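Listed after this line are the structures, all set down as structure tokens.
You will see chain A twice below: alongside chain B first, and alongside chain C after that.
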Partner chain A sequence: MRRLACLIVALVGLPFVSIGIAGPLPEYAMKAAFVYNFTLFTEWPTLPNNTLKICTLESDALKHELEKFRIHQPHGATLLISKISNIEAIKDCQALYLSEEDKQRIPVILSLLENTPVLTITDVPELMGKGVMIGIKTDNKRIVFEVNTLAAKKSNLYLSSKLLSLAKVVY
Partner chain B sequence: MFKSLHNLHQAEGKFLLSAMLVFHSLLPIAAQAEHAHTDQPDLTQASLEHLLQLEVTTASKIARQVSDARSAVSIVTADDIKTYGYRTLAEILSSMRGLNITNDRSYDFLGGRGYSSPGDYSGRIMLLVDGIQMNDNVYNQSYLGNDGIVDTELIERVEYVSGPGSVAYGNNAFFGIINIITKNGNDFNGGQTALSAGSYKTQKARATYGKRLSNGIDLVVSASGLNSEGQSLRFPETNNGVARHLDSQQNQRLFTKIQGDSWSVNAGYSSRYKEIPTAPYGADFNRRYAYDDTTKFISGQYHSNLSNHLKLSLQTDYSDYFYDGRSTFSGEKVLENATGRKWGTEAKFFASWFTGHQLIFGAAYRDDYERKISTPAISSNRGRQSTSLYLQDEITLRNNLWLNLGTRYDYFTDDGDAISPSIAIIYEPIPSYTLRLSHNVGHRTPTAYEKYFADGHAQTPNYDLKMEKVSATELIAERRWSNRSRLLATIYQQSTDNMISSTAYNNIQYFNASGTYTHGIEFEFEHHAEMGTHVRTSYAYQNSRDAEGEWAANSPHHLAKLNLSAPLFHSALRVGLEVQAVSRRTSALNQNASGYAISNITISANQVLPHLDAALTVRNVFNKRYDHIAPDYISPIAFVAQDGRNLWLQLTYGFQ
Partner chain C sequence: MLLQDLKIGNKLLLINLIAASISMMMLVICIAIIAFHSNRTNLIHDLNAEAHILSENLTASLAFNDTKSAQTLLEALRWSPHIKQVVILDNQGILFSKYPSDSTLTLNEADTLSSYLSSVSIQQPIKIGKQEVGRIQMNATLDHVYSQLQKFLLLTMFSMLLAGILGAFMIRRLQKYLTKPIIGLTKSMRLVSSTDNYALRFNLESKDELGELATGFNTMLSTIQSHEAELDSELALRMQAENRLQQLAYYDEVTKLPNRHHFNERMAKVVASSLENKVLCCIMVIDLDDFKIVNDTLGHHIGDDLLYAVGERLSHDLRVEDILCRIGGDEFALILDNLPSMKHAQHVAQKIIRLMALPFILEDREVFIGASIGISFCPNDATSIPVLLRNADTAMYNAKKLGKNYCQMYLPEMEAKNIRRFALESALHRALDNKELFLHYQPQIDINTNQVTGFEALLRWNNPELGLISPVDFIPLAEDIGLIIPIGEFVLYQACLKSQQWRERYQIDTAMSVNLSGRQLIQTNIVERIISIVNSTSLPSHLVTIELTESILMDHSKETLSKLEKLSASGFTISIDDFGTGYSSMSYLKRYPIDILKIDRSFVSDLPDDANDVAITQAIIALGKNLGMKLVAEGVETEAQLAFLKMHHCDTAQGYLHSRPIPANEAEHYLIALSEAKHDVAIEKNLI
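Moving on, here comes the complex of A and B:
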């Protein structure tokens, strides 16, 4: 019984140790900031109704963080953050974030978006260089990104040279 | 008699109570950790240049399965392997829902879904590494200890898919499959050397290099070696005899994986020498008895989009297996060996020609051209070939309702043919809540060892041995909360027919017993809290009846697992705590082994010195004495005492 008590104390005690640390920033807050910044360095052929819509599919964590950027007006347009449930609707987005949770649907998504000016961004390592335009990943505790300019060009998107100069890898 | 029953009940009660207490104590943790907040700069105003400078903590997430989504899947990731200091596949599997390992100091045997016959080489769960079947073709054994094909440090994830998987995998995917996915070169991004040392004079060294090259080719190469002196073990059943210095083992491994966009080549080699202290099959006790197991494989995979609606996946593999046994019987040295060689090829198509239908179909051919066992008296070599065809259709009935139909046909040149149908209904009443009802049929052909082996005195062959069959019905409910929490509950029943069993060890012959029956219920809960606390816990109840209707040998009724990890001291350290509880089991001769719970702790630190990571694991922290039920063929030994408290220190140095 004493062992059991020790175990329970250990179990309940452990997480308190980790509370109240300042320092590195939470992943999704950072990723949302990157996604927002990517839209600043991208030019679309047109912005319908002067709105810029950033879409997510399953990743609620990222959507929640993106909401914090709503007051901003990238390219002077109204920023909309939208969670897509009807897959066909991704064509109306300007930027689309693809996460681990969306992995199964990605072949369908990429074929739907062929030659459509939608900036695709992912944090799934396997998808980098498979038709997704920007891939973000963590490298030595910092976020870095890779850009696939060919895929962007095909979809009629112009990515600024500043974005390319900050990217870790450019295809 | 009455007293002993009472004690047993009490023990089970205590066991359940502790499991419940542990579970309850988890819930507030998750809630508290979620509420912890940190001060942070306003990221909505930060420039891209500034963002690139900031440090980030990675939120840990529920890993998504890559295996067939119709079944109940449990996952252990590379992070778990590091956090809990897993050295072998057996240690990984021990932490997973409904699985238990039995070790007889020669091999680790895997039990699941109520079946865990001690010392049964073939097991009933298929092992795959990157999609390639790893069971040898003589004994049909999967190697889970230091004889395993791949170092745990190279594993990206292990998925356990419970239930028959015969449509996709055919012969031997009987009660489930274990799918191991290895890391890519990009995951290492440079070189890594590791040195480790542990109890029982054990040392291990490993060197790995992995990189994704600028031309897109990703490669991993790795080599490792292990040496362990082991223990001098006492066996009460052998007049309290001690097997002196007969527990040592040595292992060497090589592994490589090279992959491009649409292709990959994998190759591996593992060789283990193990001394066996238990004098199996009536060998002389405390005399040298050694097993040498060597496995090699090479495989190539190619994927191609034939059209917008048709994808092709091709796979060809070759593997071989060598076994050498050196023993002493009545003072005479005896040598026996086995050789298995096989190659196979498979073409698998994924078609989306018709709206609402996802078709998977394919054909496979396997040539087990050498299945040889030699003893001083008799040598037999029985090759065989098999051909398989399969088709599966996932039909979307409504946007939250799917029907999955599949069937497979296998033909074996020596065992006839088998048809394995499957049906599943998948329903998502609300998003992230899934219900799955499935019925699957599977089969397993007798192994060359079971059907043809004779040694001139202890074992006779049975050429009439037929394949065994299983059919299982299962209802699975799964709930996810974002990508942080997951709860899985499953209830199943399965019955087998013509179950392959053997007579007692001094007169072994395998035969088709009648059917067995198992029903069970399993729960699994996983939570990743924002501050890095991670909980994975599971409970399985299983009630398995053998062909005589008796409680199946070595089949515990309750299995409970808890894995809890959390960062300590500003994330400088990570601690992983693990508790595994297994209830009472009985042997074929109705001797009971009492239930046990063991606890393991790992403390790991990244960058203790530049580029140097360290981890210390204490297994069996409370030095609990517990036994595993011995296989029949090591009698008179009935129980094999397991390791007491033991340590394992790992140092890993990484460089670009």
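Moving on, here comes the complex of A and C:
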């Protein structure tokens, strides 16, 4: 079923994953689309080698869904999806997805990323107050998000006002 | 058409205004179209810009499928007055959001003219970076454009009105240069036609077509003026001619008195009023005695002068209301109106006769004439003009017959005589052809030898109906109607022919006397005619005696003299008949080649007892002798007369004593006797 939905998206051939219109998508597919879309409304100081790398740590499911966006070029850069095994390597990412499985390593990760322009995204509600920049949650069957502008500012990232205007909560 | 009734100024104004309005209207329409189009284009630009802004703001909403935020964004469009509808589609073409939220969906309206005029529609993709995430369609009304256009048009209308008023004012001022001369021309033309004064001229300074028009008018006026002048002079000439004709029609050229035509008109009035008022009026016909002789002998110009003088003399003593006219050759008519009595008219007539008896001085010559007057009274004699006139004429003829210088009132018994005159006249016309005329001959006897020396040919007329008619009756008639010329020639021919016959038969030369009328002598070729007639009978001219009356010689003209001299030179003997009765002087006797004087019978008849006649006869004989003329006594009836004449050496006697006028065969006896006597004498001579 998930495959079929992905196929439909692929078949439509649109560069953008539309949300919630082509029927109810599986949770990860929707989250992947959100993640991708966040990158669109975020500005980095520089994009090294003109690449935009979205990284995951443990969540293979999401990585799999993100792979589908590889054909796009957000901000005109080449989109890279990568799963990080060496924790040090997260500094080279532009966006990092943190899942339930990464909860234990959060303090390390956040300290590593302090003052580094990496957009952090999570779907774990507890992590929001700990310095992750964007939090996704499901609210009444719809996916909503919260934004921590202070964290983003600290990391020298600029989040579009359009994004902020849509956020459920802004810190 | 309405324009036709307008004056030129208003016409021009109207035309200008209409033309200006139409062109301005076209301009306004063009501007309106352009304005509409540009406003619409501007609106499209604005819409595009707004769509850009909107789509930029909508990207996040689309990206995160947040229709609520999109709706919030779209609600802000209510501040935009012209936007009617906005539709947002996602990248799969599914409706994402719309404005107003309760509107029904209209997409991509058909691109028709009505849609072009009523609304504007644009479509744009919504992009994030280069990624299209949806589409936006905006529909806007053109109400705003139209309201702008309306304002513009109102303003333009107002401006046009203002411009029209200003333009009309300016045209009014400027067109004076055009209409003023036209109005001037019109005024002048009106003046010309109302006053008929073609001497007027247009004074126009402009050199354009109007100037030419004015010049043309002036030329035309000059032409009319000259034509009018010609017409006037022609009319004046015609008036003169008419007056002249009037003068000729109603007045006599010679006497300047009213003519017969005028007379008839006046007479009609007088008779009418006389009948109405029962008063007496009369018409008098005055005929001049011996006028014919004056005319024939002294010439027509003297005759005319005489008529004029008579007219003057007559009118001099008339009352103002009396009307004198000349109604014929020597006939005058006098109308006397309102007469107290018939006697009064007679007094007037007597006075006229006395006046006419006085001599007229014409070209230093005394001319004597007389007047015979006939009077007819109205209403006593007649009441119609022709009858009155005829009666007066009849009375006048009677007066003439009674001798001259007489006045006669009309009497009904005169008619009979008058009828006889007409009968005579018509019979006389046929007398020559009917061979009713013949000659008698009266012998002329030498008083000394008592032998016949010649004969006088005397005309006789025997008409089968009227009988034997006296020459005293028909000779004056023949003279009046001009028959005397052929009759005179007949007499001359017959007499000469007879004389030649006798001459051949008896071998005796006797003279033949023939009377020549004054009318005959006037003929220019009379001498040639006499010679040719006498020659045709072979009688030598020295045996022909031409007898003329004394009155013929009153004319002292060269023509008469030369005619008589020619006759004399041709061998004719010239004799003066009835000598002593005329009025003229004796001086002509010396001038004319006269051979014989015939003493008038009136002097002879009372010889030798009447002392006067004796004296006159003696004087005539003495005069004739002194001038070398022979003397013939007429009307010798007694021996005593003959003795007296013989005693006073008169040459020849003619009269009843010897013989009355006799037919040719009787006259021959005298010749036979003469011939025998001659024979006897010859024998006697032979015997001796």
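By our rule, the second predicted complex is superposed on the first by the 148 of 171 C-alpha atoms of A that agree within 3 Å, B and C clash if a C-alpha of one lies under 4 Å from a C-alpha of the other, contacts with A are read in each partner's own complex, and residues count from 1 in each chain.
The working rule: contacts are C-beta pairs under 8 Å (C-beta built on N, C-alpha and C of every residue); 3 or more make two chains touch, one makes a residue touch a chain.
It should be emphasised that the depicted structure is a prediction, and the values quoted were computed from it without experimental measurement.
Enquirer: Go through the superposed model and pick first if A:165 touches only chain B, second if only chain C, both, or neither.
Expert: Once the two structures are laid over each other on A, A:165 reaches chain C alone.
Enquirer: State whether chain B or chain C is in contact with more residues of chain A in the superposed arrangement.
Expert: B
Enquirer: A:69 in the overlay: touching chain B, chain C, both, or neither? Say first, second, both or neither.
Expert: Touch status of A:69: first partner only.
Enquirer: Would you sort A:141 into first (chain B), second (chain C), both or neither based on which partner it touches?
Expert: first
Enquirer: Which partner does A:41 reach: the first (chain B), the second (chain C), both, or neither?
Expert: both
Enquirer: Under the contact definition given at the top, report the residues of chain A touching chain B in one complex and chain C in the other.
Expert: 12, 14-16, 18-22, 34, 37, 40-41, 72, 162-163, 166
Enquirer: Write out the stretch or stretches of chain A touching chain B in their complex.
Expert: Chain A residues touching chain B: 3-4, 7-8, 10-12, 14-30, 32-34, 36-37, 40-41, 58-61, 68-69, 71-72, 99-101, 103-104, 111, 125, 129-130, 138, 141-144, 162-163, 166.
Enquirer: Under the stated contact criterion, what part of chain B meets chain A in this complex?
Expert: 18, 21-22, 25-26, 28-29, 32-33, 36, 38-41, 43-44, 46-49, 51-59, 61, 64, 69, 186, 216, 261, 308, 482-483, 529-533, 564, 566-571, 575, 577, 579, 599, 622
Enquirer: State the interface residues of chain C toward chain A in the complex, per the touch definition above.
Expert: Where chain C meets chain A, its residues are 57, 59-61, 63-66, 69, 90-92, 94, 128-133.
Enquirer: Where on chain A does chain C make contact in their complex?
Expert: Per the stated touch rule, the residues are 12, 14-16, 18-22, 34, 37, 40-41, 72-76, 145, 160, 162-163, 165-166.
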